[in-house]
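In what follows, structures are represented as structure tokens.
One chain, chain A, links the two complexes that follow: it is found with chain B in the first and with chain C in the second.
On to the complex of A and B.
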């Protein structure tokens, strides 16, 4: 357990090493990056195996940082952060495996990538709002460079939009936190202390602070109607960055909502939760329908991410132990599934066919040209549709059950989203991989697809895909491995107060 | 007691063997087509063997373990092996084995045989899961999995656009039903605190069950999807795009019957209003599908509509509910609906699988000709197929002393006793049934060949004919409950049996019905390449075709005109969101975007982000300063 903070330092150190290694050759840089990610992943797995679930955060390190302002460098973990840290470890390793073909400025690429990972680890481990915020900002900056330098389709636009939304969100968070800090007597940014102070705030203060902090974080979690950065950002990003964006960065937002906004301002949560739930439901259905008519493969996945993140937000808004544990499970599940989907689209398909237009892909019998990619996508697609046996099923089911407890109406409308998910997933699966060859004349298939067989799927891609598939299936069959961490964490007094609507 | 434990040990095998077979095929044998086929058939043979052995030992047991605990909400996986499950498992095992063997011959030259057999094994796994499930939730898990296997197998020839569309349609239509099913399960859990069948029954005995009309109706939604009842029946005729053995196994004998099985499982939750809805849904489906079947030209489509119609019979039988009978002077209320529905499910599984495999044999013999008006004269070319198919037809139209006769009579009697209106509709449906089945039989087998394909028709090999013979035997004897050892008594004792005057009425009715329907068909249809009904009564024919098309039209309209357009509209709004608001609305931000782009261009990207960090710090300082007061 106590080794967990090392994940942050290893990642930052690895970033520097990768930058240096990049001077020599791209190959060295990627080996360094992979070793770094593997090391921190191993640390998280080791910590997970030692973890004793219990209520409340288990402090890992707590040192005064800026004592004048009561800011502590306070890192701690509970079952919820552990779940997300394990996810980060998995996503980091597989992301590097799917970036194995980066040749252009590989050192910088992997340095930025690892810096982003370090920031993400930091957010999930922070128990001090200020520390959390700093790591949160650290995670935003590399995203911009990754997209703007190594991205595709309208990359500057996508990168800029993402950064604008992120900073706008973090400005709201910061404003809310400072307000709470000041109102609480400017003693401490510690999450526990803030929550204690918040208990004495007036109702209006709580409502306002919650609104600022929650909204600020929820922007990054893709809350409708502030989700529009997500599809463009995902599409513009290079594969590894899309995987991280959808897989981990969106979870930063959701995690912030849960850990900071909900735990600190229970009265605000009780007031705002119906609105959040309805926005989440609209997001689920709306993004699903929009995904249904996209012509660009990656946009379909981008919108499906927004739709699935809607379930996370719904689970949080339903604010009972079942729904929230479902939301955390869904964060993990979606992180893995979305990572896999983006890997197939961005790396396996796009870099071989050089098109993401469904109309073009339709004319290529991709399931024959790249059966491994087809199989991976079918598995990930099934998981994304909520098929039993994969992690998406227990996660979304738990959220629906929890949402029903709070309001059966929410469960009813959100379940429509599951239906739509089947529709858009099957559509894209069929069109892109099992496109019709009937009726297309041989000449109408672009000649180069027939002349040159596509480059075979590399070992790195296979390893990355198998890693994520294994996680997806394992959690799908044994969801209690994660729920046994998550559920006790929700027993902490902080969460109990929040889940009871602030009536402590 | 010790032996019971031993038999619980068998259960994981029966469930896991097909899964292991499917996994082996998917992982290692995708190109080893013949090995894959052999493994899959072996798995099916083992299932059949174990199912029979397990059933005839007479041992019944249940047990389970918790899979997922969410606070006060626990989901468990377990096995409930009672007479109902034993019967269903035997049906799945026997028909499954027949279909596996038949597939060996039918798909011997298929380019994706391994995928096909992998799909079949996957299906067997999921179906057995439904049969053995001890709670509704577990049933739902496997319910979804059979949906997926069905998707895989309908779309087996995915190069054909129609096949992959049909697969998608089947999956999504089923999801619509499952939507209600899932909500029903959650509701049931919150109302009763359990979804375990045994615990629910125990609550029912103690009169402690929370009754509501909504719960059984929501659960029934699942059956409407899976058993293709109105208005979600649209997927089943399209599903005939799949290979014919698949149609026999999944879309006739087992999976589509799972809806009826599920209803029998949750019988304890039923209330009169819900039963009423279920009864009428089944009745309307029965008559509607029978009317549709009359105009079909495709041999498989006729059978598909016939399946719909027979499923309607089963659902209606279930909905007719319990029956008060006089036993030794005491009035007993018997769940006759369950008995009649399951009885018909059993006999139907045999004779419909027989006819589907028979049609497969015909299609195979005629080099993939499926139009019955282009067949004819096959009786001489394919005598064995002819003989067995004739038995199947005789069974479904209710020829006395064949399987269908007994089970249909049980349903008719129950309707006669409980609801005369339903009785009338079901009797008329029976007339139609014998009409369209005899039409099919006459056009396919009698007369002279009407096309090149049927001219050169030939009987298939042993793998094609052996399953036909076995199923034909079962279609003859399957209706005598006496032939089953007492091990299925838990189900068969519930079958309503007419006595005295009611018996005469029912017997006479079904005899007349059969003679009228088949007589009409025999006289009306001439061996010709055009439909005699169409020529003699174009108005009626057109009306029937329109009736058949009406649902498809509505759905197509919904998908193409409403859903698609709505999604396009949202997408349009989204584009405005994406581009419009920022570019036109917030000119300043556009400037920043441009700045960013330019910064990138001159290679000084960092400056821009530093500006942002600077701004953030400024804001922070401002906020602290402002709030410090």
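On to the complex of A and C.
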């Protein structure tokens, strides 16, 4: 466990090394980046194997940082953060495997990528609101350069929009945190201390602070109507960045909502949760319907991410132990599934066909041309639809059960979202991979596709995909392994206050 | 009062070494002027200047503390920190001079930078209205010349004239305000003024005096609505002069006015914790601050010229700095605003250093944002340093600009939460920081994303400037990660 903070330092150090290695050659930078990600991933798995689930955060390091303001460099972990750290480790490794074809300015690419990963590890490990905020902001700027430099469709627009939304969200968080800090006597930014101080705040203060902090984080989690950065940003981003954005960075927002806003301001949560739940449901259904009519393959996946993140927010808003543990499980599950889907679309398909228009893809028998991609997409699509046996199923089911406990209406409307998700996933699967199956014989493949045989799927892509599929199936068959970490963490006094306040 | 000239001389040893340095630079230049090239003369003058500033820093560090010469100067921790900060920023400016386009009068340039620096070090410690005014004018007059020293470019003369006219006007306002204060209290000592004002009612005359002083402060800080000179001066002046105007001059001016307002006129501060309409300078300062944030940030969005963009960013930072002055409060919690001003100065000096280096390399100078295009190919060092400076200005952790903002906003919230003007102003500042990121990213988009024009022309940067740039960037990172290094000192 105590080695977990090393993941942060390893990532930042690896970023510097990759930057230096990039001056020699792209291949060196790649290897350095992969080794860095593998090292920190190994550290997280080792820590996970040593982890003893229990209520409350287990402090890893706690040192005075800026004593003049009562700020501590306090890192800690519990089952929830551990779940997300493991996800980050997986996503980081597979993202690098899927960016193996980056040649231009590779050193800078991997340096920014690893800096982003370092910030993400930092957020998940922070137990001090200042520390958390610092890591949260560190994770913002690399996204801009990753997308603007190495992205595709309207990349500069998408990058700027994404970064400004994230930064505006973090400005709200900053305002809320500083308000709480000042109102609490300006002693400490520790999450526990803030929550203790918040118990004495007036109702109006709690409502205001919760609204600022929750909304600020929820922007990054894709809360309707502040989700519009997500599809454009995901589409514009290079594959590894889309995987990371949808897979991990959106979870930063949801994690912040849970760890900071909900745990600190339970009165605010109780007041605002119906509104959040309805916005989440609107997001689930609306984004699903929009995904149904997209013509760009990647936009379908982009909107599906918003829809699936709606489930996370719904689980949080339902504010009971079942729903919240489902939300955390969904964060993990969606992180893996979205990573896979973006990898197939952005790397396997787009890099070879150079089109993402469904109308063009329909004419190509992709299931023959790249069976591995088709197989991966079908598996990820099934998981995304919530088929039993994959991680999406236990996650969404737990959320729906939890939401039903709070309000059956929410569960019913959200269940409609599951159906829509099945519809758009099946549609895009059919159109893009099995478009011209009817009557196709080996000889009837249009000649122009055979003139330029597509590059075979590389070992890096296979390894990355298999890693994520394994995680997806393993958690789908054995969700207990994560739930056994998450459920005890929700027994901590902080979460108990929040979850009771929300349920009553 | 028993004048102790020996003590005064000891206290002014930093200033003495600066004067000696300036004279040495001028004198030696006269000796070598015939036989050496412009570049060699510049190098010689810069070395002399750097040694003089280093000597001054050593004197400040080792010199005496406390009240000097019957309270004319106060060498407390704040004064010592400000003197060191202003000297360090001036030293970095000298490094930037080397990298920018060479001027025809190198020795004079360095000497006047040193004279301006004397003004800054005196401003940091002044406790008496006369010394305040003299120090301010010494610095200002030097800066007017620095702005106009490039006689080959008409923009430089234009900048100097604008700066001089606005500056002269604001100095007249300040002097008028001082004379009214003297008439009301019968003293020019800040301590005595504060004692006298504490027992007086707020008279219309006093309000006039306060307005006059705030006008001068607003000018010095480039705050709206006294900001008109800033874009033209930043654009027209040689980059190193603009760097000095934007950094050391701001830091010293800010500390000077913070002292003047809180220590001298604290009794008439009024109230911004709640909006109860108590007259005083705090509400006025709050209005100036809010106007600067709005005008600076929104104005910057429309800029296409790097230097004008930096000027508008300076106006918006002036708004935050004034918020920091407001947040000093009765508790004399001066370190947030000092930290902000010092780290802002570092980032600005660096940014102008980079602009100066590009200005020298490009035939057309460094005007529009697209002149930065492809900087990452032309000079990875400049591009990397520029990223650090600009992101620090934008307030992105782990750079020092972030913690400065954070501390100032926290101090503002501590005055009274979000229930009063101070809190609203802090909320506005936080909202505006999201706006600001947009134009800062526009700079970085050109420098780090846009492709350079073919064929790629690398930019050669002199070693001294490289050291200065790296030192500024490293300080921003170190102070951002360990702000306590600076805070422990105060």
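What we mean here is this: the second predicted complex is superposed on the first by the 489 of 504 C-alpha atoms of A that agree within 3 Å, B and C clash if a C-alpha of one lies under 4 Å from a C-alpha of the other, contacts with A are read in each partner's own complex, and residues count from 1 in each chain.
We adopt the following convention: a contact is a pair of C-beta atoms (placed from the backbone, for glycine too) under 8 Å apart; a residue touches a chain by one contact, two chains touch by 3 or more.
Since this is a predicted model, take the numbers as computed values, not measurements.
Of the two partner chains placed by the overlay, neither chain B nor chain C lies in contact with A:121.
In the superposed model, A:332 lies in contact with neither chain B nor chain C. In the superposition on chain A, contact of A:163 is made with both chain B and chain C. Looking at the shared chain after the overlay, A:422 reaches chain B, while chain C stays out of its contact range. Shared-chain residue A:137: touches chain B and chain C both. By the document's definition of touching, both partners, chain B and chain C, reach A:145.
Applying the stated contact rule after C-alpha superposition, one finds that A:178 touches each of chain B and chain C.
Contact comparison for chain A: of chain B and chain C, B touches the greater number of residues.
In the superposition on chain A, A:434 contacts chain B only, with no contact to chain C. For the contact definition in use here, the residues of chain A common to its chain B contact set and its chain C contact set are 137, 141, 144-145, 148-149, 156, 160, 163-164, 167, 171, 174-175, 178-179, 182, 186.
Those residues of chain B whose C-beta lies close enough to touch chain A in the complex are 30, 67-71, 73, 141-142, 144-145, 148, 151, 155, 158-161, 164, 168, 171-172, 175-176, 179, 182-183, 186-187, 189-190, 563-564, 566-568, 570-571, 574, 577-578, 582, 589, 592-593, 596-597, 600, 605, 609, 612-613, 615-616, 619-620, 623-624, 627-628.
Within the complex formed with chain A, the chain C residues making contact are 335, 376, 391, 396-398, 402-403, 406-407, 409-410, 413-414, 417-418, 423, 426-427, 430-431, 433-434, 437-438, 441, 444-445, 448-449, 483-484, 487. Contact residues of chain A toward chain B in the complex are 137, 141, 144-145, 148-149, 156-157, 159-161, 163-164, 167, 170-171, 174-175, 178-179, 182, 186, 225, 228, 231-232, 286, 289-290, 292-294, 321-322, 325-326, 371, 382, 386-389, 393-394, 397-398, 400-402, 404-405, 408, 411-412, 415-416, 418-419, 422-423, 426-427, 430, 434, 436-439, 479-480, 483, 487.
Listing the residues of chain A that touch chain C in their complex gives 65-69, 108, 130, 133-134, 137-138, 140-141, 144-145, 148-149, 156, 160, 163-164, 167-168, 171, 174-175, 178-179, 181-183, 186, 205, 208.
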